[in-house]
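Same chain, two partners: subunit A is paired with subunit B first, then with subunit C.
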Partner chain A sequence: MVAFDEMTGTGAELRPAYEALDRWLKEAPPEMLALRRSQAELFFRRIGITFAVYGDEESTERLIPFDIIPRVLTKPEWAKLEKGLRQRVTALNMFLADVYGPKECLKAGIIPPDLVYRNACYQLEMVDFQVPHGIYCHIAGIDIVRVDADTFYVLEDNARTPSGVSYMMENREVMLRLFPELFAMHRVAPVDNYPDQLLATLRSVAPRSASSDPTICLLTPGQYNSAFYEHSFLADKLGVELVEGSDLLVKDDVVYMRTTQGPKRVDVIYRRIDDDFIDPLVFRGDSVLGVPGIISAYKAGNVTLANAVGTGVADDKAVYSYMPEIVKFFTGEEPILKNVPTFRCREPEANAYVLDNLDKLVVKEVNGSGGYGMLVGPHANKAQIETFRKKLKAQPEGFIAQPTLALSTCPTFVASGVAPRHVDLRPYVLSGANGISCVPGGLTRVALKEGSLVVNSSQGGGTKDTWVLDA
Partner chain B sequence: MHDGNHAFPHSRFQDAAPRIAKRPDLTMLSRTADSLYWVSRYVERAEYLARILDATMRLTNLPSSYGGAGTEWHSAVATAGCEETFAKAYGEANERNVCDFLTFNPDNLSSIRNCFALARSNARAVRTALTSEMWDALNSAWLELQRFEKKRMDREEFARFLDWVKNVSLVFDGSAYRTMLRDDSYWFSRLGVYIERADNTARILDVKYHVLLPESEQVGGSLDYFQWTTVLREVSALTAYHWVYREAVKPQLIADLLILNRRMPRSLAACYENISRFLDALGDAYGRHGPAQRQARKTLANLSNARIDSVFQHGLHEFIEDFISENGRLGLTISEQYLQ
Partner chain C sequence: MRIRISHSITYAYDEPVRQLTQILRLTPRDHDGQHVMSWRIEPTVDGNLRAGQDAHGNIVHTFSADGPISDLAIHVGGVIETLDLAGVIRGTIERVPPDVFRRDTLLTTPDDALRDFAVAATRADSTPLAKMHALTEALHDLLACDRSGQRTGIGAAAAFAARGGIPQDLTHVFMTCARQLGIPARYVSGYVAQSDALPEAEGAHAWAEAHFDDYGWIGFDCANGLCPIDTHVRIAAGLDFADAAPVRGARKGGSGENLAVLVSARAANAQFANQ
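On to the complex of A and B.
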């Protein structure tokens, strides 16, 4: 399987977007690239961009490897992607409003009702509750893969608490510092207005009872969370307080934060804590990360949670396979972004095919994330395949399967020099009362191991700066 | 560590303006204030431990005819305020055990290593409340510390390590002084410095009070002289002493310098002058003065009105013990009033 390379296409040509970069790479001595890479690493280490990897006891703080060669998209490529992203996120929000409200899409038979009702992420608390301004998924991260010059697939919708946007911004910051000459050769669309857009989005969805200058805060599980760096980075860029559960209290259905001058009212909470942990009175009673009573304040209309509670039902991998129908049903348009062809193992015929072709397919747990609970058939050994066979037979509805895609590759600076490595793309889409916005590009993740398709940072993937050329 | 500066001549650490908190109404999370306060306390404590070790090394390096009763290392542990944990972990208070215990021992909550670890962990939790310069000082220190920890250090290397610890404190303190906005976050961080510093100076006096008492002066001789100068070294005041008193080193004047003299930045009086000043700034900004302000003012008044001969008359040791518990109480009051 020969993958499409974003610089050289199928191997022979040089795609126009990469012309200047190619020239530069040919002239740049390898020592210089190595030096710049170590400078970049030093930079990340010193400003403390680290990432905690679960199950890695030796070092709780690790750097995500950063590749210094940017990934380049042209303006028309991005324009098409952006249109598709807006459409997809619009549909996600309409779908959520529907499944917690009139349930038209279930009545119309677009999606099997049990996929919604029996979904662990479907929150009964949210049924018939009007979220402020009707928006559920304020911040979405849509994972995109590319397979040829024209085809982009959505691999996964992240509608809960997508992370990684700080890497998008810091990668650009480092590139600007290390390679000013490259930016002189390219017109790269900036990404540094993301925090402003995010702040505007959060302000726009303040509850109606809030003052005209709403108080916003970012709720983190704390410094041992893998994304803590990002939480503090964003709070800082937004100019809002970074709070932990214990900093907030609820009185008479109003949320306050504990300050040196006593309690202060909070109107909008950008929460980076999962539903399960956000309120021990409603969800997991053993959660010490959450805020007792916050859901009651939410339902009284005194505080906005971004994202809303219960958005997980929309990014579930089983629901994912119905997204093309969902997009069509709610927007009345053909989906601009395609789904990866997906076998729903809950359907007996599909499961039979999957069981026969385990060595060729990627099998994913419907509720898994971050590359855990996943079988990559072509790279798996016999024992791993057999384990999944048993799982699939025991609980077929817990899985979907997809063909192994030839993810596009990008030139990447590795030990042996510059070589192609597989990449994906996570653009961030913001939905507020004033519409949808999306900074050009997003986070490119790269599988640094030769031939590997797993780009997750928790499994040794790295990141690249993503350039959308303005001309 | 220094390579970083060459690698990034235009680093954000230099060209970024001091962070301006976007808080039109002056207030902050109690947890943030608490962390700022403790970050400063831990850095100050690490420096203090380095000073104790440095001064003790010097004292024990003297030829034995000048040497003391051989209890210098025990006294170092006592001055650091962790005799009990030490006794549990080690048998004998000798150079190796004490140095190990006070520098890298992970089980000693107040080892230099743990002070830096706790300072960084507190800082990390409230990173946005620190300026990037302050964070950089702590983060770089933590990375560098791990290099020291891996080395087998001879005396020369160990001395370099102690100098480095003092230097980290200077850089951190200087960063705070030069880059922080003068608002509540700065005041809480300063309060941490001075409450800790007052405690440290008082503990030196608490352990060494006997060498300052008149009886020991009568014994005379070189032994006491070097004990006294060690006390001065522990607060880096040997030169200051001569500038202030222009006299030979005398125990009563040492006590005066460390307790009552406001010109001496580590004296109890100077610490309380600052504590009271920063508490008043908070009280003014928040529009309310409470028990912490009153308590600090009272202690400052006591220190201002005292004379060193009457302190000796009423008992130096009792005076110091009272001070240490007063200072501890003020820490609790500040915590109750602002940090919870």
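On to the complex of A and C.
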């Protein structure tokens, strides 16, 4: 399977977006690239940008490898992507408002009701509750893969607490420092206004009872969370307090933050704690990370949670397979971004096909994320395939399968020099009371192992700066 | 049957509580099989007690109080008139569709043993209703029920492996099996009154309800091996114990919690006779 290369296409051409970069790469001495790479690593180490890998015993914190060769998108490519992202996120929010409200899409048979009702992420507490300003998914991360010059697929929607945006910003920062000459050669759309857009989004969804200058905080599970660095980074950029559950208290359905000047009322909480752990009185009682009573305050309309509780039902992988129909139903338009063709193992014929072709397919757990609980057939050994065969037979509804895609590649600086490596893209889409915004680009993740298609940082992936050329 | 219930939950803390919030699902609602004649809910500490409803339509009281609190009791009780409807539940408030109750939860996660048992125990029966009766009988015979009130639940798979548990565990085992068979099942917490039919059953109790397209919800009590009769007073229903728990709480301070629970549920006239 020959993958589309974003610089060289099918191998023979040099795509226009990469012309200057190609010239520069050819002229740059390898020692210089190696030096810059070690400088980049030093930079990341100094600022302490790390993430935790679960199940990795030797180190709880690790640096995500950064590749110094940027991934470049042209303005028209991005314009099409952005339009598709806006449409998709609009549909996600409409879908959520519908399944927690009138359920028109279930009545119309767009999606089987039991996919919603039996989904553990469908939070019963949210049924018939009006979220502030009607927005559920304020911050979405939509994972996009590319298979040829014109075709982008949505691989996955992340509607809960998508992470990685700090890498998008830090990658740009480090590139600007290390390669000023490249930015002189290219007009790259800036990404540093993301915090302003996020802050504006969060302010716009404050409860109507809040003052015109709402108090916002960022709620983190704490320093042991894999994305803690990002939480502190964003709080700092937003100019809001970074709080843990124990820093908040609820009295008479109002949330307060403990400060040195006494309790201060909180209006909007950008929460990076999962639903299950956010309120021990309503969800998991053993959670020590959350805030007892916060759901009651939320339902009383005294605080906005971003994202809303219960958004996980929209990014479930089984629901994902219905997204084209969902987009059409709610927006009345043809989906601009395609879905990866997906076999729903809950359907017997589909599952039979999947079981016969496990060595060719990618099988994913419906509720898994981060590349855990996934079978990449062509790269799996016999034992792994048999393990999945058992799982698929026991609980077919817990899985979907997709063809192994030839994800596009980008030139990447590896030990042997510059070589193509597979990439994906996670743009961040913000939805507020005043509309949708999306900084150009997003986070490009790269599978550093030759031939590997798994870009997740937890599975040995790295990142790149993502450029959208302004001209 | 007219049942008088008195339920006291008493907490003593080694170190005083600074602040506490409790979610109390301790108040029954009317339905065809029961009529609430009187009911009260009284914490012994000053605080804020507000009534509301949860996602299932259960009556929920949120009680919050500031410390220092060294002792707290929640007294609930009242008089309920019940009818024997052979376990059929009608006239309840239903907020969510039955399909929701086919979900696995932390306490009702199946393992291979439970999956196999669910099929084997119900193989001889053809209708969903007959299957649930067969399941109730099989579990009643197979699992030992601990009514001491001294133990906490361990979840369906562990209880099944141990061949016994508290009524909560037996209920979770039943629900897990029913859900495996594609039948929606939910958790019910309540009380069982002392009676000649169930001499040992008096007290706080838990049982399950299964949903049938033809009949709606019907109760199944594995601990007692029958469908709920007029001795059963229904308080709250949910996805599992955690979702329908009588008390959920969070507190600041108050390490060293000592809990004591006292329940009586007797025929109202019998109690008058005793006085």
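Throughout what follows, the second predicted complex is superposed on the first by the 471 of 471 C-alpha atoms of A that agree within 3 Å, B and C clash if a C-alpha of one lies under 4 Å from a C-alpha of the other, contacts with A are read in each partner's own complex, and residues count from 1 in each chain.
Criterion: contacts are C-beta pairs under 8 Å (C-beta built on N, C-alpha and C of every residue); 3 or more make two chains touch, one makes a residue touch a chain.
Since the structure is predicted, the reported quantities are computational estimates derived from the model, not experimental observations.
**Student:** Scan A:Asp252 for contacts with subunit B and subunit C and give back first, second, both or neither.
**Tutor:** After superposition on chain A, A:Asp252 lies in contact with subunit C alone.
**Student:** Regarding the shared-chain residue A:Thr10, is it in contact with subunit B (first), subunit C (second), both, or neither?
**Tutor:** Neither: A:Thr10 stays clear of subunit B and subunit C.
**Student:** First (subunit B), second (subunit C), both or neither: which does A:Arg45 touch?
**Tutor:** In the superposed model, A:Arg45 contacts subunit B only, not subunit C.
**Student:** First (subunit B), second (subunit C), both or neither: which does A:Asn193 touch?
**Tutor:** neither
**Student:** After superposition on the shared chain, which partner residues are touched by A:Thr387: those of subunit B (first), subunit C (second), both, or neither?
**Tutor:** Neither subunit B nor subunit C is touched by A:Thr387.
**Student:** Look at A:Glu125 in the shared chain and tell me whether it touches subunit B only, subunit C only, both, or neither; answer first, second, both or neither.
**Tutor:** second
**Student:** Kindly classify A:Thr151 by the partners it touches after superposition: subunit B alone (first), subunit C alone (second), both, or neither?
**Tutor:** neither
**Student:** Just subunit B (first), just subunit C (second), both, or neither: which does A:Gly293 touch?
**Tutor:** A:Gly293: touches subunit C, not subunit B.
**Student:** Per the contact definition, I'd like the list of subunit A residues that touch subunit B in the complex.
**Tutor:** It is residues 39, 42-43, 45-48, 173, 177, 222-223, 228, 232, 235-236, 239, 241-244, 246-247, 257-261, 264 of subunit A that touch subunit B.
**Student:** Taking the complex as given, what residues does subunit C use to touch subunit A?
**Tutor:** Spelled out, the residues of subunit C in touch with subunit A are 19, 21, 23, 48, 54-56, 62, 64, 95-97, 99-100, 102-106, 112, 115, 239, 242, 245, 248-250.
**Student:** Spell out the part of subunit A that touches subunit C in their complex, as residue ranges.
**Tutor:** It comes out as residues 113-114, 117-120, 122, 124-125, 127, 249-252, 280-282, 284-285, 292-293, 296, 394.
**Student:** Once bound in the complex, which stretches of subunit B touch subunit A?
**Tutor:** By the definition above, subunit B touches subunit A via 3-4, 7-8, 10-12, 19, 22, 27-33, 121, 124-128, 132, 135-136, 139-140, 143, 184, 188, 282, 286, 338-340.
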